[in-house]
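Each of the next two complexes has chain A plus one other chain: chain B in the first, chain C in the second.
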Partner chain A sequence: MLHRLFDVISSLKLTVVCLSLAIVLVFVGTMAQVNFGIHEVQHRYFQSLIVWWPPASQGLKIPVFPGGHLIGAVLLVNLIAAHLRRFRWTWRTFGIHLTHLGLIIILAGGLFTDLLSVESFMRLAPGETKNYSEDSRAMELAVIDGSDKELDQVTAIPEARLKQGGTIESESLPFRVVVRHFYQNSRLQPLDKAGPGAVSAATQGVGSQVVVTEVPRATAENERDLQSVVVEIAPGQAAPSLGTWLVSDQLGAPQTFSFAGKTWRLLMRPQRYYKPYSLTLKKFTHERYAGTQIAKNFASHAVLNDPERNESRDVLIYMNHPLRYRGETFFQSGFEQDDSATILQDVYNPSFIAPYVACVIVSAGLLFQFGYHFVGFLRRRKTSPAQ
Partner chain B sequence: MKFHRTHLCTGLLLAGAILGGCKDRNAVKVYRVAKAETESPAPQAAAHDSSGMGALPPMGAPADIPGPAAQPSQVKGNPPPDWEAQPLSTMRQASYLVKGANGETADISLVALAGPAGGVLDNVNRWLSQLGRTAVTGEDLAQKSQHVASPLGDITVVDLQGLPDGADPAKDGRIIAGIVTADGKSWFFKMRGNAALAGSQKEGFLKWIGTVQVGADASGPEPAVPADLPAVPADHPAIPGASAAPGTLSAPAAGPEKIKWEAPANWKPGAPAAMRYASFAVAGQNGETADISVSVFGGDGGGDLGNVNRWRSQIGLGEVDAAGLKPLLVPVAGKDNEILTVDMAGPKGRVLAGWAKIGSRTWFFKLIAPDGLAGSEKAAFVKFLGSVQFQP
Partner chain C sequence: MKKFAPWIALAIAVLWVASNSRMPKAAPLDFNLVAFAKIPLLSDGRNKPFDTVARNSLLIIRGKQTLRLEDGRTIDARRWLADVLFNAPLADSYPSFVIHNPEVLGLFGWEQTERKYFSYGEIQPFLEKIDTQGGQAENVESAKRTPYQTAIYNLRNSLILYQRLKNSLRPEDSPNFTGEIEACMQAMPAGLEATAKQSKGENFDKEKFNSFARLTARFQTLAELSYLLPVPPDPAGTGPHEEWISVGASLLQSISTGAVDPATKSYALIGDAYHAGNRETFNRNLADLTGWMAKNEPKAAGRAAFEFLFNQLEPFYQAMGLYVLAFLLVCFSWLGGNRSLGIAAFYVLLIALAIHTFGLGSRMYLQGRPPVTNLYSSAIFIGWGTVIIGLIIERIFRDGVGSACAAAIGFITLIIAHHLAGSGDTLEMLQAVLDTNIWLATHVVTITIGYSAMFLAGTLALIYVVRGVFTTSLTKEAAQSLTRMTYGVICFATLFSFVGTVLGGIWADQSWGRFWGWDPKENGALLIVLWCAIILHARWGGFIRQRGLMIMALFGNVITSFSWFGVNMLGVGLHSYGFMNKAVPWLAAFMVSQLVLMALASLPLPRWRSFAPGLK
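On to the complex of A and B.
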């Protein structure tokens, strides 16, 4: 039984099937970007095990196609299994094995990049210092205990957890956060302008004067969803509920409530990635070609300060010259329209080296394989009777 | 090579490594960070937000850009010398900290939000809730608020006291804040901190907010842009000293100026405009109107020749060169300064304009109207210029 399974897993037919499915998936996913936008398509088609139908359904979902992760993983297993099955140490096949090893590294590297990499942005105005970057799309519900004189204790509940609903408990919170409703994309409207029959989104805070409407997800490249969530602050049986609260990234100001002798702040904000070091922007330079608005060069002159490593130095980040530090790479990504701030893209990708290594191995394998056969060909030619 | 258990183990180990390496996107994180700002309303979602939420309190990040919504404008003002400037953040256009003798502190900030951002009453009540106080009504607010004139407009100021549960009295207990709407934005000035310290700093705070001006040039050298800003077309050539994009110009460089004049009785105060120090309007007999403006800009305001040619283009006249400008200039004696004037009539109307360079600024006085009305008002305009006194 296991042998049969191994036969199937290592078969060339499975490789062909996977590649065919990948072609179909790429085609369908590309077409679907018209309706869902690139980010949603990436999530639904390529970063998933299964493609479900209907995609927007809240109820029954039917699996209709293998997702990118499933196809990639099967292809990877298939390649490894075939490699193990057919591996014979001979110089004649060494190049082929090397090439396949490179392909395995490419596939594994792609998968690890997808699973482990984090892309975020750091926006800095001149003179501004930050020790965190922020996600461009994912949000988090921050519950902040500001009772300490020096430090804020932040309990950050990611958007992905809010989507799951239910009750959220944390040792840092003396109450539970019960997700009553999560709105992936929403619009807020004042209650008094919402017409008869409108119901306020929450019982406490600004939400008691607001109506939330769920709207279709943003699909354009330069748009993003405006998430909102209604949560109940529930201390448990020891105390009555503190009511429901509307938290939305359309409400910039945090809402506050008091419990257990402390003042708590609630707000929705872009997901933050804190770092043990900080960047301070000293100067942002934006050069244009004379007489045009076309960017010639833009560069950020910043100070990197890392107290843990006792390191403080000037860094210059400009086009094609990123800052690489502690496994993260800061690219000069953009700037505010009036040049009032620079935007750095922060990429954490522990497997970024995989494609480079794989390319070298594949190249070496192909060179060896062709070279080996070429040398053999020359030898045969030399010893041929026709010569 | 035949199937072997070691192959299965290898596969399982690989799968385990992959799954184990996955990011836990659902995990709740807890961390401690340096204290955040006491106030952090983010700019309003504007570019792609069709929600019509102008009446709500501060909104979140714009939908079209990555990261937070920070777009600090350049702010210029005269803060008291004992205020320590703090690094700007994603939200703050200006940030200061003032310290008392015994470790008390007060945090001062300037935040701008698009639109009404909730209005005065809602924001005051939000601040009251931050101090653990109950909300007030609009009538209460009207009685308790005061007003401060500033380059941004009339600022409504409130002084609120209260100590929320668990708050540190050395750092909290009083909010003195001002709100003004200018140029489509709501500007929030706020000082929050120890009650006694905030009280002692109130005078300096009020003086500061009376001087704050905002614009692309406000933090740089004295801005030098021509008067009558909306008239500059989008494709206007670059104006020296004006760094704003074509079609948009910086705010005037005026602080609280010392100037007074005697306006003719038939000149009615005109609608306030962002770039004007004062406006008047005169109605003609046939329904036509004359628009009179007073504005002030840093430096030479764009230069005599540039401004005269711009005014000429507004009334359909061609440009003149420096030699052609000289015969147009007629000096008029003001109370204590000479004012250069021009009187130009073209197919689209007539412009009477005067300007005087006072210190590092240039004041502009301009009347634009149909030819007949401008002619009938010329004597009054010249008399008005003669009454202008810059240092009463």
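On to the complex of A and C.
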């Protein structure tokens, strides 16, 4: 029984089936990009175990196709099993083994990248210094104690924690934050324009004049979710609640309240990733070809400052020339209108080296395999000039 | 006769190339437009000769590189451009603008007739309408525009280009531009004084102020409208401008320096001479300008002269003709069982390849780039790659199959390139992310060779199916040898597609921060790799044999054409260079034709003429 199972998972048939499924999935995932943003497509087709239908439904969903992670994982197992079973050292098959070793590295590397890599952005205006990058999607609720004039004390609650709901306690906060409702994607509307029967989102702050409604998640390329949360600020068991606040991605300025003689601010902002070093933008340049609007180059001239490692130096980040520093890579990604600020993409991907290694191994393997057989073929033709 | 056939064929090929390679000469008493066409300038970000500007502009506006006048005469792009630049009233009467779309014609209240070409003079009353309508269409994403919107948008762009050209070297309405410049220079001291006084709020000479302001305003307009930057930079440190600038900008600088740039003066002189019909003055001043350029801008002048030669030789057009000849020779050699014709085809192909290579190399020299930089050059390169692989196969198997495939794919890819060239300069500047020769030379080239090999495998399969189903010529040996070829080429395609795809991933990791992003073009490349892997594994596992391999190779054509063109038509993704809607029906037709062939290949063997008697 176990033997037969091993036969199946190491069989060439399984390889061909997986590859065929992969080709269909890639095609469907490509065509889907006409209607949906790349992030949505990746999430739905490639970075999933199962492709569901209908995709957005909260209720009943039917599995219609294996997702990218499932196909990839099965292929990986199939690949390893097949080589365990058939491995025999000969020059004839050396290239095949080498090629597949490289493929294992690529598949495993891809899986690790999906699981471990973090992408964020750093937006810098000339002269500005930042020691953090921001997530392009995930938000955080920042509770800021601004009583110290020199230094803000920030307690940030990530989106993932807000989604769980319940009561949040922290040593840095003299009160508890109770999540009343988290909206993954929401629209705000003034209360007086919302029509009869509308209920204000919160009792305090802006929220008392605003109605919040949940809307379906954003799927198009140029849209993103606008998260909102209603929180209650509750001091202790005995003291009365301070009321509820609506904090939202759509509200610009922070809202304030007083507690224990201090003024606190509440703000929804992109989730931040702090670093032990900082970047200061000296200058951003955007060159065009003479007499055209075609961009020739974008470049950010910045200063890297790392007190921990005692490093302070000028860095130049431009197209195809990222800055790699302490395991992270900063790319020239874009710019604000009128070139008023540069946008750097910050990628943390510990397995970025895998494709580089794999590329060399697979190329060598294929080249050897086909070359070996091609030379043999030519030799046979020479010895039998029948044709 | 049989003995001489290859030599006759070769002689025809050589004569044809030679007759197409004659350089044009201006008649001694006419405007020397050939010399004019070789003068370098800067436009769209690169140095090129006026010849290229003429050809590309006419191609954009009229869809052709020549112009047929209403009296039946045909004039070339050089003459057309000279008239546009120097004699606008005449050029306005030429039927330069192509309008196919009946709704656009309806906008003007015109019924659609046989006539497709219209003059600027005829269109002029509707300029405002075209501008509003075209402006509305501009706001619609290119993939979502209706045929009417695309047509009106293109017409608007053509008109803008035309008007800018007319005001590039001189104001279109000036009878005597040299005189205008002189008048301005004479009025300058008094004019500047009056201007200075006026800005300080003192009393100033109103008349002198106004006339000076009027003259400089014309230069200002010229500087704003000009499409061309024909005035070269001053030699280092000797003048105010370090880049190529327009005539108008150069004249505005003259107001501060007090001296007119020699090139600007020359352009004014030759423009006036052309406008007045004075051939002798035109040619004399043109010779001065040519000499001056050769002395001051030797590099740009040399390149421009070479580009003129390249334009004139039209190497891809000539190669196309030779591919047709080679294909016919192979067909005749098969029909007549004449091996010497097959040898002739091989040599004709070698000549065609040499010319094709010259064209490719010339483009690389002119652009200073690896061979593939846009969709146009990818078509040229795919053809080139296939011809080389085809010729190698021919050398090994010597049965005409390699030659036939090389000739057919060489011709078809060049035709595709020809149709992709309609949008203007095919040596355009590259977007910032593409500005890297290492990755263009490695990733783009390998992936394109992968396309070549896939198409070659598909064509071999096509030969197998057509010969097998419709003729009795597919013997067991022939079938086996075709199978070997197809299999070998697919192995080759696997290698290049895979390496090319991974190199692309590494480039993406360098510039976008991720190895793989599931972008449509990336997926297209992956589809090819997966398909190759399926074919190879299915064959190793014995799931497919000869016919299965052929059917799968045919489907490889579908996948490769989707990856090459199809994903660009989706209008999404990061690789959104070279979007093209017009080719959708062609691509669909090609895919359907391949599916039909696959169906044919699936006919039961007794239905195959070659296998009917039970050969297999």
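Everything that follows uses one rule, which is that the second predicted complex is superposed on the first by the 289 of 387 C-alpha atoms of A that agree within 3 Å, B and C clash if a C-alpha of one lies under 4 Å from a C-alpha of the other, contacts with A are read in each partner's own complex, and residues count from 1 in each chain.
Operating definition for what follows: a residue touches a chain if its C-beta (ideal position, glycine included) is under 8 Å from a C-beta of that chain, and two chains touch if they have at least 3 such contacts.
Bear in mind that the values here come from a model prediction, so they are computed numbers and not experimental data.
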Partner chain(s) touched by A:V154 [first = chain B, second = chain C, both, neither]: first
Touched partner set for A:L79, first chain B, second chain C, both or neither: neither
Touched partner set for A:S363, first chain B, second chain C, both or neither: second
Touched chain A residues, chain B compared with chain C: B
Touching partner for A:V230 - first (chain B), second (chain C), both, neither: neither
Contact residues of chain A, present in both the chain B and the chain C interface: 333, 345
Chain A partner contacts - residues on chain C that touch it in the complex: 42-46, 229, 243-244, 396-397, 428-433, 435-436, 439, 477, 481, 484, 488, 491-492, 494-495, 498-499, 502-503, 505-507, 509-520, 523-524, 526-527, 530-531, 533-534, 537-538, 540-541, 543, 567, 570-573
Touching residues on chain A, where the partner in the complex is chain B: 2-3, 6-7, 73, 77, 80-81, 84-88, 108, 111-112, 115-116, 118, 120-123, 125, 127-129, 133-134, 136, 144, 146-158, 160-161, 164, 168, 170-172, 187-190, 193, 206, 210, 218, 220, 222-226, 248-254, 256, 258, 261-263, 267-270, 274, 280, 333-334, 336-338, 340-341, 343, 345
Chain A residues within the chain C interface of the complex: 12-13, 15-16, 19-20, 22-23, 26-27, 29-31, 33-34, 38, 41-42, 46, 106, 109-110, 113, 117, 119, 221, 289-292, 294-298, 319-322, 329, 331, 333, 345, 347, 349, 352, 355-356, 358-359, 362-363, 366-367, 370, 373-374, 377-378, 381, 387
Partner chain A, residues of chain B touching it in the complex: 1-3, 7-8, 10-11, 14, 18, 21-23, 25-36, 39-45, 47-53, 55-61, 63-74, 87-91, 113, 126, 129-130, 132, 164-168, 171, 216, 244-245
